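Paired with chain B in one complex and with chain C in the other, chain A is shared by the two complexes that follow.
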Partner chain A sequence: MSVVTKAFLRYLRRRRSLSLLQLLGIACGVAAAVGMALSARASLASFETAVEFIGGRATHSLERPAGPLAETVLSRIIADPAVLAFSPVIDRRILLATGETVRLLGIDPLLDRAVRPQLAHPGTPAASPAPERFAFLLEENTVLVDEQLAAQSRLHSGGFLETSRGRMRIVGTFPNASGEPLILMDISHSQRLFELGGMIDRVDLIVDDEAGFLARWKSGFRIQSGQQRRATLRDMLGAFRLNLQALSLLALFVGVFLVYNTAMFTVVSRMKDAGILRSLGAGRREIVAAFLSEILLFGACGGILGGLAGFLLSRFLSGLVAGTISNLYFFLRPAALEWDWSVLLVSVGLGCGASILGGIFPLVELVRADPVQAIRGRTAVRGAHGRAARAALAGAGVLAVSAALFWLARIHVYFGFAGSFALLIGVSLTTGLALVFCHPPLKRLLAFLAGLPGKVAAGNIRRNLGRSAVAVAAFMVAISMSIGLSSMIGSFRQSLIWWMGTQLRADLFVGKVGGAEVPESFYREMQTIPGLAGFDRYRNVQALYRGTTITLCAVDAAVLQKFTNFGWLAGGNENWEPVKNGTVIVSESFSRRFRLRAGDTVTLDGVDGPATLTITAIYYDYTSEHGVVMMDRSTYLRVFNDRTITTLGVFIDPGNPQRQALLEEVSERAIRRGLPVFTRDQLRGDILAVFDSTFAVTRSMQVLSIVVAFFGIAGALMTLFIERQREFGIYRALGFSSRQVAAMTLLEGLGMGMVSFLMSIGVGTALAWVLIRVINLRSFNWTIFFHPAWEPYAVAFAIAVLASLGAAAYPIWKVYKTYPQMQIREE
Partner chain B sequence: MKKVSLCGYCLAACFLLLAAAPASAQWKQAAGPYPWKFPRDHGSHPAYRTEWWYFTGNLSANAGARYGYQLTFFRQGIRYKPPAPAGPWDIRDVYLGHFAVSDIAGKTFRYAERISRTGPGLAGAGEENLDVRLLDWTARMQSGTIALQARDKGMALDLTLLPRKPLVFHGRNGLSRKGPQEGQASYYTSFTHLETTGFLATPANGRVAVSGRSWFDHEFGSNQLAAGQTGWDWFSLALSDGREVMLYFLRRSDGSVEPASAGTLVEPDGKTRHLSRAEITVTALEHWKSPASNGRYPSRWAVRIPAAGIDLTIAASLADQELITKGSTGVTYWEGAVAGRGTSGNRSVTCEGYAELTGYAGSLGGLF
Partner chain C sequence: MPAKIHVQDLWKEYERTEQLDSAALRGVNLEIQGGEIIALYGQSGSGKTTLLNIIAGLDRPTRGRVSVDGKDLGSLGERGKTDLRRRRLGFVFQFFNLLPTLTAFENVYLSLELAGRSDREPAFAALASVGLRTKANRYPHELSGGEQQRVAIARAMVKEPAIILADEPTGNLDLRTGEQVLDLLTGRCREHGTTLLMATHSPLTCRVSDRILRMVDGIVVEEPATGEMPS
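Showing the complex of A and B:
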């Protein structure tokens, strides 16, 4: 190792605190990027295992386009020459007394063995009394629960499981790799439990001659191969996954920015040392090698730290991601991601790569620089204004590109993401110029706050433009993201509240989407109660349209026409008239995704083959980004012959004097049947709670970016401080008190924070607009109405002030601790 | 916490249940004379707990290749009457099936097994005639002719069986004793000579036209094996002089043979003669050890029935014709084609047939 390199490395030890900060900076950046990417991978990987586990060896599944199918279909399946094995399944959800809704599979274990051998654990329970072994097949209301669920709910074999449909006796537990809590019941008992006499939900099949089989079953059935099933589910996650990737990229962007920032400070702060070494005879190559080894050492160490932290972070984040997927799409329990050494490799690569990127420009400058100038330090100052102007020009160019990318977003949402990044990069490039422009007012403001130290602080920001601009840019990007994300989430929330007001207007909702169904007998029972104004027998079922899983809704059109006030894209409640006669209405997301308008038709696979229905209106909706086709119950019964009721909306005339008594009676009768009941406010509250938890990941990302930015500002301030230690001595000699020097440092931080905040007002608002008008519209196909709110800005302001003050705390502490002895001695 | 498996349930549901639960008093016992009536009695007898329809046969393809086949249906009563309200999925009987093909020249033996509840049309047996089905395996009799169909794992069977001799009633007018106690018996009839034509498919040879002869056993009862019995050896042999012999030996845990063991000799004209234990000697000459189950099975025998002038040496046509049926009955046994030669009534004869050897890889005692 050369003398120069050794000298550099020794310096790191001397400046322990700065070195540590730089290391932390790199580690934070890497951790943010790695954590987000890993958590996205973990949740999606666990999704694949879950689907595969439940599917077993089945190659295909056969079901009706909507709703259950008659079990007589089995005779036809037995006779089909392509079928090697089959297993009829009742796939439902059941509400436990704990409030958890759990999937219950009703199967015939004798037939299911060939399809799902993984459910059959080798070895019989030698110790258990023999009658227990047959109870599952022979006794009513006996179940097997999966081990995880049993452990979590402290259930055990021989114990009882309390559910909304009665008490179940647990006759055993079984290992379940799917991650989804699972209860198994014999098909005979589950059919009775769900009042499904003669019906099953689907048949899982092992088929050898796929083409022949499909040809024989094409009409009236929905046949999906395991691959299609997985693909369908994956498609459902499409937009969500894209957003997750975008968040990972954003984390990477902020992370790289920080590493870049840190590496640049490393080089810049050592200009003087480099100059001295050069004048003592060290060659350029030696200096560059020394710098590079320092940068790479930081990059590698920071990368390792960041990789480890990112891995830990991903464990937390993947829980949030899986929670969101469970709320919005299907149940997902995240599998803990196994430690993989490649994570470290990637992290070190990321740390080193970004560090070199950050160090390269100052290094080039250093190589070019005259040693004498370098000794004076701050070569960066010279020509800084010119460079700021040039950077701003480049920034303007990037912004133009960004605008073009937004325009292209109509082709693919990727362009929208690229445009967002370009927007942030473009604005970042203009920070130098912005600082120059902001100098006069900033000087006045800081002078007003603290007199001379304030003025000096403002001057320092401008004098060290090369460094302060990068710090301000990093901070600005982070705060803008915070504003943009908060504004988007806030607007979305307001839009959702508006939407709930238009559609969810029943007084009581019995049953729950994704939960247990409402028996038709309950509806008939409700009809006998005098005084109820109307019922909406709402059916929500997933169906395939052009290979995409969409939502089909059956409603009582006449009732909704009377009691609700849908948000129509065009027209009003007269839109229900044709629906009563067999047309359909579709959600905005459906209309945009499939490019269909009022007057067009949709062809859906019904029990008697394809049924073509006319779209007569489009309404705003946020329930499914894949689209909703809504029709009257009579149309739905005609096409799908499925009598299932997902939820029953009960309407009571507002003026009815018996209102309260009626509400109570309906609730009581529903509860007696083990059906969940929600008042309008409860349902709306639940939906908002789901909405809020959905954005938990986004919020963590927001926090992460703030942390990253905090380190950015702290690093910048500390470097500036170390560089100017001598100046502090001079200030002191000129009569500045320690306090004033401290105030100067503080104000410098505050000044940079203020400029960052001011810029982020514009950039954050622009970002919010992009998220709402470009990203959301393109990925989810729905319109969010922009609701301006002051809170995101106030929060951003608070963050800016607190972060810059916090970042200045350490330098100030150093000032008090070391001043004046050190500086005087140096003088 | 106790871990259980569905697989455990499957096995348990079929045969182990009998070991565990005392036989329901409601099931009828095979005791006393039975009022036979055909074709009704080829069908199911749900009042009895256990019933099986057993087809075995020795076939040749046109090219001369020899095959053996076994297609067996078991009905196992689980409970006499399911509690009301019963739906089609409620279990009263479970049907189990074994299907095996021995390709003698190709030296390969394949088998498949199945299990199903009656369910909505999944399995069942008619009570008016032979009409048994287990998913898509079927055995049906129409106008005196039996049709067999089965396919699984690349094997397939599509055969027509025409009785060439009258129905044989084993034991005393069909009551075949299996132990000393009342009820330790089954009602047992056979078609010992069924002229067979049709098609057989194996993964190696594809679908080939075959012809030959088959043997059909039909038994039902409620409580057959006595305590202390570990298994049995059963033979069905067709001699080239037109005679057929059925023999069964119930082995006891102390190494002795159950005195109730017996046989039936069928003369070329269809006349039958009951053979008592004392009239038969079967000596194992060689053994084969199964690498899969470690069971040690006899594989070559000397069969002597001096009263009928029969002296034969028979051997397994393939050493490995072992069925390990974890997925249905849970029993590991050997059932396969055998062939041999010797003398019958002082004339040289050849013979072929089937042997069933149980209880060599784990005890069966008390299961049946």
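Showing the complex of A and C:
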């Protein structure tokens, strides 16, 4: 290593505390990005494993566009020349006595062996000892339970499984690589269990002539290859993953500010050394190499640390991400991601990339420095005000670019994300000027708080703009994101509460979306109870429309017209009239995604081929970002011939004196049948709980960004402290006490925190608007109504104060430790 | 024999303001031969450091010609000037300007390394010649001011340059240490036939010089060699 490089690198040891802060800042930024990416990868990997495990060797699956299909179709399948093997399947969910909903696959063990040989494992029906095998085939309510579920619920072969549909005898266990809790049952038993006489949910197939097969089965069926199925499911996660990635980049973005700040300090503190080296004959190249080796060393070490931390973080985040995916899209249990050395490579790349990005401007400054000026010392402070003005001008330009990007967001949401980052960069560039403008009131405030040290502290913030502006920018970005995200989440929550108030108005809800279905016999039983005002036989099923998985909903339009008050984009409850006669209404997300308006038509694959339905109204909805097509149950039955009821909404007239008794009777009857029952408040509470858990990942990233920014403020204070040690000697000579110098450092932190907060009020509000009106609208195609709230600002204020005071703790400790020895000297 | 340093009608002007005429150098002419020891004597702000910086190729003149060790600085590019400083010029500063993160030995060896030499022995020998062999592994903050300046002299001398430029080499030292450092610096230069140009405002420095160039308001005037110290 050259002596020039050595001279630079030794500063790292000499200024350990600052080096540590910089290292931790980069590490946290990298950890956030890596943790998020890995958890997304873990989720996706386990999703692929699950799909592959359940799909087995099946090349295709055949099902009705919505609902089950008659098993008579099997005779046609047997006769089809392209079919090499097939397996009919009942694929349902069942509620365990423990409250957990698990997937139950009804299969024909003999036919299924060719499609899913992995299930013909020791312990599984095809490979079990004869008595168990026969019991599985011959006895009602006998099941095989996957090993993980068995271990978790302490179940064993010969034991019993209590479910909402009765007690089931366990005749064996089987290994399950899908991660999703699974129960196997003979198909004929499961048909009886779910009252599906003669019906099956789908047929899994091994097909060798795809084109011929598709041509023969194109009408009235939905046929998907394994690849299409995976792609369809993966597409469902598209917007979700994009938002997660943007969030993870945020922490790295704040980390870059931190690197810039410390790199700038590196430049300032090495400026004199660079001047000396130039006078001794060192070329620019040697100085650049020395500086680069320093920041790359930071990047690499921070990257390694961040990579390791990110890997650990991903274990925590994977649970959150999988929970969110399970809540919003489909069941997912993330498998623990195996350690991969490439994680370190990527992390080092991210760390070095952030370091170079953060260090590039300071490096240019170092290279362009006049050696004569450099030898004299702190050149960076000189001209800082001019630079602040120039930076603000550049910031205004970046803000203009940001506005243009927001306008372009109508083309793709990527422009919206780019615009958000541009907004943050643009405002960050104006922080120097903002500090200049804030100086007089800040000086008055800090002087009011602490007298002379306060005045000096305000002066120091302004005098060291190069340092303080970057720290304020980093902190402002983190706090603004906190305000923006919290305001967006708060507004979303309020919009959701409003939406629930418009749609979820039944007094009781029997059944659960994603859970066990409600038997039609239960509906008929309810009809016999006098005094109930109405029922909504709600059916929720996923279907393909133009290659996208959408939600089809069947409802009792007349009942909803009477009892609900949907949020319509145009018109009122008269919109139900045409629905009763066979038209459909669509959610706002559907309308925006497929650019369809009232009056347009939508063509869906029905049981008898394509059915074209007219859209007569659009309503606000937050249940599916991919879109909902809602129709009357009569229309649904005509098009799809599916009698399944997902949930049953029960309405009781508010003035009915028997109201409470009726509620209790319906609940009792539902519970007797093992069906889940929710009151309106319970259902709304559950939805809000899911909503809140959905944003757990966002909150984790928010916290990480604030931690990174905290290191930024701490680093800036440390930098100012180290830079001004000689000044501290002068203060000492003038008679300042340790306490006064400590107060000065504390107030510098507080002052920077205050300015960060003040700026973040405007920027955070703007970001909230961008997240609501641009990002969410473009990502999820739904409108969130902006509900201003004071809480995010109060939290941001508390964070600003606490973090800036916390960041000052170490410099203050250093003041108390070293102040008595400080001298007025150069070295 | 061509002059080691030749300066002709050298001007250096900074940005002009209405009140102030901001020329640091106003048509400086001088010629210094090989092995000469010259004191560039003048008050603070007279332009001494500016002249030294221009001769070292660290600063650019507004107009005029400078030739160092037979090379015209105007025609040398950045790389040429860097190469000149690496191999033919040594620098000694008022505030020593040792790199704080390098030991005394490393500060001296740095000069050798920049000159493209990897032999460590001359660095130890240079330290020994200034009486600091035993303190080779000390960092600058562990040395006294006089010791730091001796390390700086070792650093300047170790690559055996043709010219040493010293900017107030005793300006930050007490009288006695200053005298010792001055004796050491001039003694080593005479021993090696090195040209030494010292900017100073101390009459003491003039006493050990072969010639005194007085600098007043950016103009250099040759001081008659009377043997007396200038006033």
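One rule holds for everything that comes next: the second predicted complex is superposed on the first by the 753 of 827 C-alpha atoms of A that agree within 3 Å, B and C clash if a C-alpha of one lies under 4 Å from a C-alpha of the other, contacts with A are read in each partner's own complex, and residues count from 1 in each chain.
Heads up, the rule we're going with is that a residue touches a chain if its C-beta (ideal position, glycine included) is under 8 Å from a C-beta of that chain, and two chains touch if they have at least 3 such contacts.
Computed from a prediction, not measured in an experiment: that's the story for all the values here.
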> Does chain A have more residues touched by chain B or by chain C?
Replying inline: B
> After lining up the shared chain so the two structures overlap, which partner does A:Arg10 touch, if you call chain B first and chain C second: first, second, both or neither?
Replying inline: second
> Regarding the shared-chain residue A:Ile78, is it in contact with chain B (first), chain C (second), both, or neither?
Replying inline: first
>> On the A-aligned overlay, A:Ala282 touches which partner chain: chain B = first, chain C = second, or both, or neither?
In response: second
>> Applying the document's definition of touch, where does A:Ala400 land relative to chain B and chain C: first, second, both, or neither?
In response: neither
> So, does A:Ser157 touch the first partner chain B, the second partner chain C, both, or neither?
Replying inline: first
>> I'd like to know which partner A:Ala570 touches here: chain B for first, chain C for second, both or neither.
In response: neither
>> A:Ile187 in the overlay: touching chain B, chain C, both, or neither? Say first, second, both or neither.
In response: first
>> Going by the contact definition given at the top, which residues of chain A touch chain B in one complex and chain C in the other?
In response: none
>> Going by the contact rule set out above, which residues of chain C touch chain A in the complex?
In response: 53, 56, 58-59, 78-79, 82-87, 89, 91, 93, 95, 97, 99-102, 106, 109-111, 113-115, 140-141, 155
> In their complex, what parts of chain B are in touch with chain A?
Replying inline: 1-13, 16-17, 19-21, 78-79, 82-83, 87-91, 94, 115-117, 119-122, 135-136, 151, 327
> Touching chain C in the complex: which residues of chain A?
Replying inline: 2-4, 6-11, 14, 272-273, 276-284, 286, 370-372, 375, 826-827
> Which of the residues in chain A end up touching chain B in this complex?
Replying inline: 71-72, 74-75, 78-79, 81, 108-113, 117, 119-125, 127-128, 130-131, 133-134, 136-138, 140, 144, 147, 150, 156-157, 171-175, 184, 186-188, 191-192, 197-198
